[in-house]
Every structure is written in C-alpha cells, then in structure tokens.
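Order as written gives the chain letters A, B, C and D; numbering starts at 1 within each chain.
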Amino acid sequence: MDPAERIKASFSKQGLMGTLGATLGRVDIELRPSPAISQQHGFVHAGAISAIADTAAGYAALSLMPADTGVLTTEFKINLVAPAAGERIIARGRVVKAGRTLTLAQAEVFAVSDGQEKLIALLTATMMSIKGRDGIND
Amino acid sequence: MDPAERIKASFSKQGLMGTLGATLGRVDIELRPSPAISQQHGFVHAGAISAIADTAAGYAALSLMPADTGVLTTEFKINLVAPAAGERIIARGRVVKAGRTLTLAQAEVFAVSDGQEKLIALLTATMMSIKGRDGIND
Amino acid sequence: MDPAERIKASFSKQGLMGTLGATLGRVDIELRPSPAISQQHGFVHAGAISAIADTAAGYAALSLMPADTGVLTTEFKINLVAPAAGERIIARGRVVKAGRTLTLAQAEVFAVSDGQEKLIALLTATMMSIKGRDGIND
Amino acid sequence: MDPAERIKASFSKQGLMGTLGATLGRVDIELRPSPAISQQHGFVHAGAISAIADTAAGYAALSLMPADTGVLTTEFKINLVAPAAGERIIARGRVVKAGRTLTLAQAEVFAVSDGQEKLIALLTATMMSIKGRDGIND
C-alpha cells in the first residue's frame, strides 16, 4: 500500500474523526465549525483543534515509517493563539525530525474565512513507532 | 450563581462534550470508550482525552475566577502514558497556581476497569481570564 | 552502588551544575540566586531554573532504572508562575509513571524566603532510558 | 535605542549568559561546548540548551514590543532530538504570533561540526509583555 492509501485507510478507522466531521485532504485535515464541536463561547473546542492537529502530525510521522509500523502519540503541546472560528479549520502536519523510536512532528492549524488563512494554533508532538504489537501497523 | 451551578451551565453549552458523550461529575469529567471516539487502533483518541482533560482543567481554573470572568485555554501539554482503554475514562482538574491574568491548572486522566483506576495521561494548561468581552463570562 | 550514591556520582559529573553553583540534597537540587545566573531583570534565569528542574526530574527517573541504564531527557515543558527570587531556589523531582523505554517525571521548583516556600515553576519531562551505549550508564 | 542595540544591552545584563559563555550574534545566540556546561555524559546540558533557546525566543519577541515594555517567559516546551555536541551550538529565535499580552515564539537549536548544521532541539515559548513595572523595560 502506498503511504497516501495507508493513511487514508487508517484515517477512516479513527471513529473520532468521523464523529467530529473531520475530512482528510492530501496533506491536511479539515473541520467545519459547528455547535456540535464547540466550547462554551461558541468557538471550536480546543479539544477538537487538538484532535485534528495531533492526527495531522501523527500521519506526517507515519508517512515516514516502515509499512509494518504503527504510530502512537506520547505527548504533545499546543499553543492556541487565536479563537477558532471561521468557515473552515485546517490542520497541516510535518515531520521535524524522524528517529528510529521517536519522531518529532509539528502541526499548524489555520482558520479560513473569505479565502484568508489565519494561524490559530501550533502543536509539537512526540510520536513513537510501534512494531510487533498485535494489530498495530498504522 | 454558585460556582458549581456556573460550571454546570457552562458545560452544557460545550457542544463538543455532548458530541463526545462526556458527562460532568462533581469535580471530574467522564467519558465512555466507544468506536465514535476512537483512533485507528481502537483506543480512545488522544484528541478526546485532551478535550476532557482541557475542560476539567479549565473549569478548575474558572471555579476560582470572579463571576463576570470567562476562561480561555492559551496552551496545554499532555503526556499520554498508557493506551486509553477501559470501562470509563475520568479527567480530574485542579489549579496549581491562580493568577490575575494567567492560571496554571493540571488534569490527571484515569482509565477505570474492574473498579481499578490507572493513570493514562497528565495535562498542564495555562488558562487566561477574560473580562469585558461581549458574551464571555464562563 | 546504591541509587543515592549513583545519583551523587552522576551529579558531580554534570559540569553545568557546578558552574551554576547547584548542590544536590537528599531528593532535591538547590541554587542560590546571584548575578552570575540572572536574566536581565535580576531574577534567576529561566534557563537556570530549567536546568535544576530537569536534573531533579531526571534523577528521580534514574533512581527507578536498572544499574546499567542511562537517562536522557527527550522533552520537557516548564511553566514559570512567579519570578525566581529569594534566598534559595529548590527543585524537587518525582516520577509520575515509570515505563520500560519512557518515564514521565515532574519537578516542582520553590523559592525560599524567610523560611517560606513559594511555588515558582512546574516542569513535566519525558525521560528515555538508554542501554548498551558506550559510556552511558547514569 | 534601536531594537538591535536594546537587545544587545539587555543581553549583557543576563548574568547567566556570561556564566555559560554564550554570545549574541545578529539574530542568534551561540555557545561553545565545554565541561563547564555539561551533563553527566559529556553532552551540553539540556538546561544550557534551554537557556540559550529561551533567550533567543525571548529577544525575538522583545524586538516586536514597544520600547517601554519588558518580556517575561511564562512557559516553554523543548524537544531535544539529538545529543548536544559539536564545535558550536546556535539558537535562532523567531516570533510565530505577536499579541498584545502574549507572544508565541519559537527557537531552533543547531549543533555545528565541520561547517554542517544539525537540528538538536526545538523550543516553543509563550512570552508575556510587561508594562509599568519598576525597572522592567527589556
């Protein structure tokens, strides 16, 4: 399976992404603000922002791992620099440093309104590659 | 409104908590693992864990803020120390240091199986108090 | 070598601790504020606070690792909740969750003045155990 | 005073930078590995790496703040992706998002050997602007 297909297949197994209404782009994950994913002030909840940012960073890491390897998040930090509102929210992941056991990945999250992108969050995450555990290969 | 009522009212406005099926206890937030909140290996998604941990920490912070003040998360870090699986997931928040503008709060997240609690995640968050912005008082 | 002796021996090899004037207590690391470790406003530099907090957390982790194992910090986050000033600064480390490869440790840092302790910083760190690399066994 | 002069003047007041032997470049901070700043395995201590990364990020933030404003670090996270060894260590800061109260800044840290730069650490920090406090204007 090529990496893009592998990530697509894995993404479809993440129930939370479906529940949030998140969709997978070529290299990004997208979310439409709605009351179902809000916090108390009506913005998109930091937990939903974290969910797509963590997923984008995780798949960026997985795309550089061998085919029989799974990926687990061991920790992440997210800075929320502006309220999450707009027509769409987009998370874009990239690998900062790939290692044998640990990979450092980053995701930037943007809110899109009237075709303008605005940075709303920055995540850095440590991803662990998992090998030889039953059922974990993505 | 007393602090507990205030947090209950605010929690009910968080659409994401309803979408995830999260419920508010006296001082904790609870989640039942299900495919709707999973990641690709069937564990509860780190984003859902983060969502309840961030919310528990945020309400711990809000409970110490004046009545006309709102709370916003500016950043958090979460360490995920064990896979999130079990009968129930519980996040418990507490304030480490309350400040005029910034409050440091922490949340521990436990998985419960057969009556045994196991630590699965630890979050530290910086919460900002918001005053005098329209519609933000929780 | 018993764990306390092992940590004492390892600490004495950390040149930075000597340069900063940091000393090892039974379970803590202490620093005396001075111009030599200041930032521009005269407080103790966040880097010096981080250095003793990271070291306290690292030795807490090492104390639970096998004798032939070394410890490396893979990441930490520190929240600085009050300016670092006073007669003494004390960092106290503890293990939150020990794992085979990764250990989550925490350190609280206090400023002491007139016998009163005040929390000034909280660190959480992921420590990695290192085995079978030349010269790394502490 | 122009921003570069202001940062130069402020840097010279940071006693820790002198103690570590750190020097200020045009937009970076440099360190020479030596036993005086080591951890127990002979690498540069994570605390010293953090000190120059935090300082580089802080001055990147300060360079965008008004002249009568000071800068304080409220929190940072650092991922250490490779052992800190080489001829020189260089930290480069940049602002991700400048805000009225809080600024998100980042620093990359590189080890230089034989003219080759290698990423060894990535820091993200929340910097707070301080106004109207005696003696804090840098």
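Please note the rule applied: a residue touches a chain if its C-beta (ideal position, glycine included) is under 8 Å from a C-beta of that chain, and two chains touch if they have at least 3 such contacts.
From a predicted model like this one, the values you see are computed outputs, not experimental measurements.
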| item | value |
| --- | --- |
| Farthest chain relative to chain B (centres taken as mean CA coordinates) | D |
| Same-residue or different-residue interface between chain A and chain B, half as cut-off | same |
| Inter-copy rotation, chain B to chain C, in degrees (Cα atoms; steps of 5) | 180 |
| Chain B and chain C: spacing of chain centres that average the CA atoms, whole Å | 29 |
| Centre-of-Cα separation between chain B and chain A, whole angstrom | 20 |
| CA centroid of chain B to CA centroid of chain D, Å | 33 |
| Junction residues of chain C, two or more chains touched | 74-75, 77, 79, 102, 126 |
| Touching residues (chain side chain D, partner chain B) in the complex | 74-75, 77, 101-102, 126, 128 |
| Contact footprint of chain C on chain B as seen in their complex | 77, 79, 81-82, 96-97, 99, 102, 104, 106, 119, 122, 124, 126 |
| For the chain A and chain B complex, residues of the former touching the latter | 10-11, 13-20, 34-42, 45-48, 50-52, 54-55, 70, 72-80, 83, 135-136, 138 |
